[in-house]
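Two complexes are shown next, each including chain A; its partner changes from chain B in the first to chain C in the second.
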Partner chain A sequence: MKPQNGSISSKDLIFSVFCFMQATILRSGYIISMTRNDSWIMAVTGFIFSLPIVAIYAALLRKFPGKNLIEIDEIIFGPVLGKVVSVLYLFFFLSLAALNSWDLGIFVVNFMIPDTPISAVILISLIGCVYSIRKGIENLIYLSTFIFIVAVGSMAINTILVLKDVQLEYLKPFFRLEPMKYIQGTVSVTAVPMAEVLAFTMITPMLEKDQKAGKPLLIGLVLSAASMAIVMLRDIITLGPLVSIVTLPEFEAVRYISLAEPLTRMESIYAVVLIVLLLFKVTILLYAFALGFTHMLSREKQSLPNHHITSTSSGAGQPLSQKSYPPLTLVSAALVFFYSLFVFESVMENMDWGATAAPFFSLTFAFLLPAVSLLVASLRKIDRIREVKV
Partner chain B sequence: MKVLLVIIAFIGIAALDVPDMAKSKRWRDLAIYSVIFLLVFALGVAVAMGVKVPSPIKAIQVFYRDILRLSFKPS
Partner chain C sequence: MKRKKSPICMKVLPLTAFSFKYWKGARRITMFLLFMLMILCLTACWSQRELYKLAIVVGTALDVGDQPDTVKLTAQVVKASEMGVGSSFRGGGSGGKAYVNISRTDKSVLSLIREITHMQNRRMYFSHNKVIIFSSDLAKLDMAEGLDVFARDYEARLNVYILISRDEASEILEQEVELEKVPALNIFGMMENQNLNSETAIVTLRDFMIATLSGSTAPVAPIIELQESEGKSEVTLEGTAVFKQEKMIGKLDEAQTRGMLWVTNKARSGELIVDTQWGQVTLEFFHAKSRLKPVKTEDGTIRMKLTINEDGIIESNETTEDMSRIENVKMLKELMKLAIQSDIEDALEQARTLRADVFGFGEAIRRDYPEEWETMKEDWDHVFPKIELDIQVDVELRSTGGLTRPVVPGGAQ
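Right, the complex of A and B next:
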């Protein structure tokens, strides 16, 4: 299975990156618990430190146009070592998919439909993700423009409506924490939300001809960092000292909105937007995992076995449509489902993971491995041209 | 009951995935698919039976924190 080239535009990719990153806003509670009223600055510093990471992805994708991360590994490291590196990336995508599925499940159970089994929520969500992958990931990418408008609109309206409850003095005192806290916050923002855009290196081969992946990834990150800073700022000046105590500051801040009788419980609308964003993110991660898994197990290097061809029309002479979904999608979704059921036992375990080891785990896969790949490719002078000659 | 649901779900997955591979006689793909399918199925049955499966994330956390000494202190 190989994604169809030319299926998505740079604009689609920008909005996809934004929607993908915006979903992580749910997990920014642990950043606020570290850096408290200075957290909004972490969105800026985290973005600055994510620039070299995006530059590495852009350089790799420029060296190997039309190739995804798993194919690039096999070219750089050879068939055996390349598969080992690919397994590591796949484990990263699988873990991210399971962690985000768990986040989605626990959010719905805790804030929307209490007493519902988390397994039911995750199962229904993953069925939705599989459905969208089977209908063509490019369709979901096109839809990101609409999701972007809804997400930004919701964020803007909520921010405007909560303005009457804000107190700017909650921002003070500035920079009073230990320097280590700022390092921790910056590394966490860089590693956990920003560097997860690595998943898009599985999708960039679908970009229209002659379109580079680096610029849309960067613009998507700029928009996401700006949005993250605004949301954190809003939460801090709305919640004050409470911001570092509550588990989901973004959600709690929106609960303050109460303009008149019909305009209360705005958090329900916000919750729906967050669920859509999380579904979007899980779908991208599941697709990256299933596609990588399929590529890795494929014998052929250039094209993989399942260009699943189905007839969409019974009429003679009608073209066949190529459904470019990875054949292992359903099994991969089942694996994500079971993994998400035992990944954490409580919200506290999740918070502890996010604040302690998660940044280093993410940096290993999202920074170290791609950096080593780029270094090896440069030292061995491997690029797409040479690969074709061989 | 949970095990039965897992079995039904996996029959459904096989019914959706296998016919295409069998029709186009991609036996190698089918063999690889079967191995992965059985592994995931075994995991599913274990989870459904209430077997305590250790979380890889917790193992990774211990690895980074206690072996590599790469971990932030919790706030």
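Right, the complex of A and C next:
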């Protein structure tokens, strides 16, 4: 049953994409505060707008099979410019990892253990992430099936139990907000979380042979969009107008569950699932960063570990030996840790960032850079044959 | 990832063996330290709360303070040691009360909660708070602060019941009852039972806030009061308080409350007493469902259309007439319809007088006719009393209960 030689199946990739997205979906208050009772539509439009982005990733990965994002851009842009672009990507992964670590920390601290310093929570979480990367990222991705079942199960249970207290009328009136709001909402959903799927382009080379990466990424996104729509619908019909003023609509909606005496306090399930999902997400982002970081600092342009794990390594100057994890994982985790400590001062800052700057930040790295890469690749007519020569 | 020991290496190169051993030891120490760190951090000792250091609040009362601009908070805390003993209120154990009421007056609710630490060794814990009672004096001044604190704090929950007391709210929490050890839990139990009579608005903090946020809907909350009967005073739910702009502006009586519940689809079951030409018959209704819908008439005005469906049975027949006869069933159905309609009209009348949209007409119009709503919303206080309500009641009388004919002398012949 153990995945062989670091290869992952496309099914595992689908579930990992879902789990990765679900971590943000369960905290989608920043979209609901913008588009209120029409937010669930944003899941659909946001998904549609993320299609071209995924198509770009798929095209890049198809052009350079077996290569990850950092390798691809060094092939496209050459050694110097390639490094610059790589640094940008790495900054993006690092920022996302830090932002999500902070999200995890602030959730645990605010809702559960208010006196604990956030740094303690983030540190312990990151140690867990490093541990799971050192044990092999493919094992974590393999586990995503299990996490998927738990996440979907908890969502289903919480949704069913709250049905007693819902009012469908809260969905009306449809589309009465200013058009700008819908554009803002759609862009937000496209940028955060949909476009964050970019991190998976660091992992797709680990796919089993002859597996195309585009399809599993797309299916993962479809599942995520569906789940996002369901979660938002549930929150809106449970909380009504309250949905746009509470800090964490998902948490409040689930808190309202009270079915007879024993079936109450269901938010603990939500909290556990959210923490697991955020850990999963941070691990993937940390891995993407550490892998790219290691690659960038390595002297020889050799294939990175996971997808050639069985190949014999050569030479002492080869930092990427037979280890199945990037050597700089611990250093990367330390970077994420310190970055996450000063990334936001408060929840208010986080909300402001989510509503204003985050989409632009995210789309610059997750849409603009890959789009330019693809353009340059097609203009320079770089394909598989030339890539060997480089 | 088991490391294989190399015996040759151990023999030939003692230094290597030493470093290998050393490495192994270091690894163990690292693991040990890591576990220690996790034990320290993951048990959340920073935020530890021991059960014996918590004062578990089950009911809260808010009154107007004796100083200007102050609030008086009364928190009912359970005494766990007295909870499990005996069946009567003072029975068993040390024979003490199973609760303590802690009161304090200050400028804001949160500072009050912190103030209480000046006089108690335990920390107030609001997660199990079941009811919040506002005195009507406070409700007439301002509800905003109490609502905000209880909704904002992560400890409190949105499904706590909101009640308005006619007199001092703290007195309600002092009123002891025979069957329950803690007054607040008695009130909580009463609220849970109110579906059976459909004469009390069951309002949680969430419902109240949703109505407040709407802008057009007037929030409501049940009124609780102390009533004297046979020399004893008892807490009773009686009618509904109506709010506007977070202030209490009036009330609905029991019949009007039921009328409002019919319109808002919150009446579930209850009993109706109808007078026939032979005497009084009690009917029980259940499976009640109502649907409120705005309709646009040809002249462009908006009317509300209310459709009610409900099932009923004959609960008691105090006449000598056989009510199972089809023509009598028909008559009873008509009377039932009339009773429901009169409750609703009564409630509508009162709401129009108060200019308070307790039914959520405004929200219904906003949802179905958003454009028309734009023209109405500014002047809603004046438009609302003019909105007409068409009532359609569909009643099914399903059975006569365990008896078909009444027990009358000589009825067997």
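Note that the second predicted complex is superposed on the first by the 360 of 390 C-alpha atoms of A that agree within 3 Å, B and C clash if a C-alpha of one lies under 4 Å from a C-alpha of the other, contacts with A are read in each partner's own complex, and residues count from 1 in each chain.
Note that a residue touches a chain if its C-beta (ideal position, glycine included) is under 8 Å from a C-beta of that chain, and two chains touch if they have at least 3 such contacts.
A quick note: this is a predicted structure, and the numbers were derived from the prediction, not measured.
Judged by the touch definition given at the top, the superposed model places A:V331 against chain B, while chain C stays out of reach.
In the superposition on chain A, A:L88 makes contact with neither chain B nor chain C. Once the two complexes are overlaid on the shared chain, A:N110 sits against chain C while remaining clear of chain B. Of the two partners, chain B and chain C, it is B that touches more residues of chain A. Contacts of A:L341 after superposition on the shared chain: chain B is touched, whereas chain C is not.
With both structures placed on the common chain, the touch criterion links A:P241 to chain C but leaves chain B unconnected.
Applying the stated contact rule after C-alpha superposition, one finds that A:L368 touches neither chain B nor chain C. Interface residues of chain A facing chain B in the complex, by the touch rule stated above, are 30, 33-34, 91, 95, 99, 181, 184, 187-188, 293, 297, 299, 305-306, 308, 327-328, 330-331, 334-335, 338-339, 341-344, 349, 352-353, 355-357, 359-361.
Considering their complex, residues 110-117, 120-121, 123-124, 127, 169, 172-173, 176, 239-242, 245, 252, 255-256, 258 of chain A touch chain C. Residue ranges on chain B touching chain A, taken from their complex, read 9-10, 13, 16-17, 20-21, 26, 28-29, 32-33, 36-37, 40, 43-44, 47, 52-58, 60-61, 64-65, 68, 70-75. Chain C contributes residues 34, 37-38, 41-42, 44, 46-47, 154, 157-159, 206, 209-210, 213-214, 363-364, 366-368, 370 to its touches with chain A in the complex.
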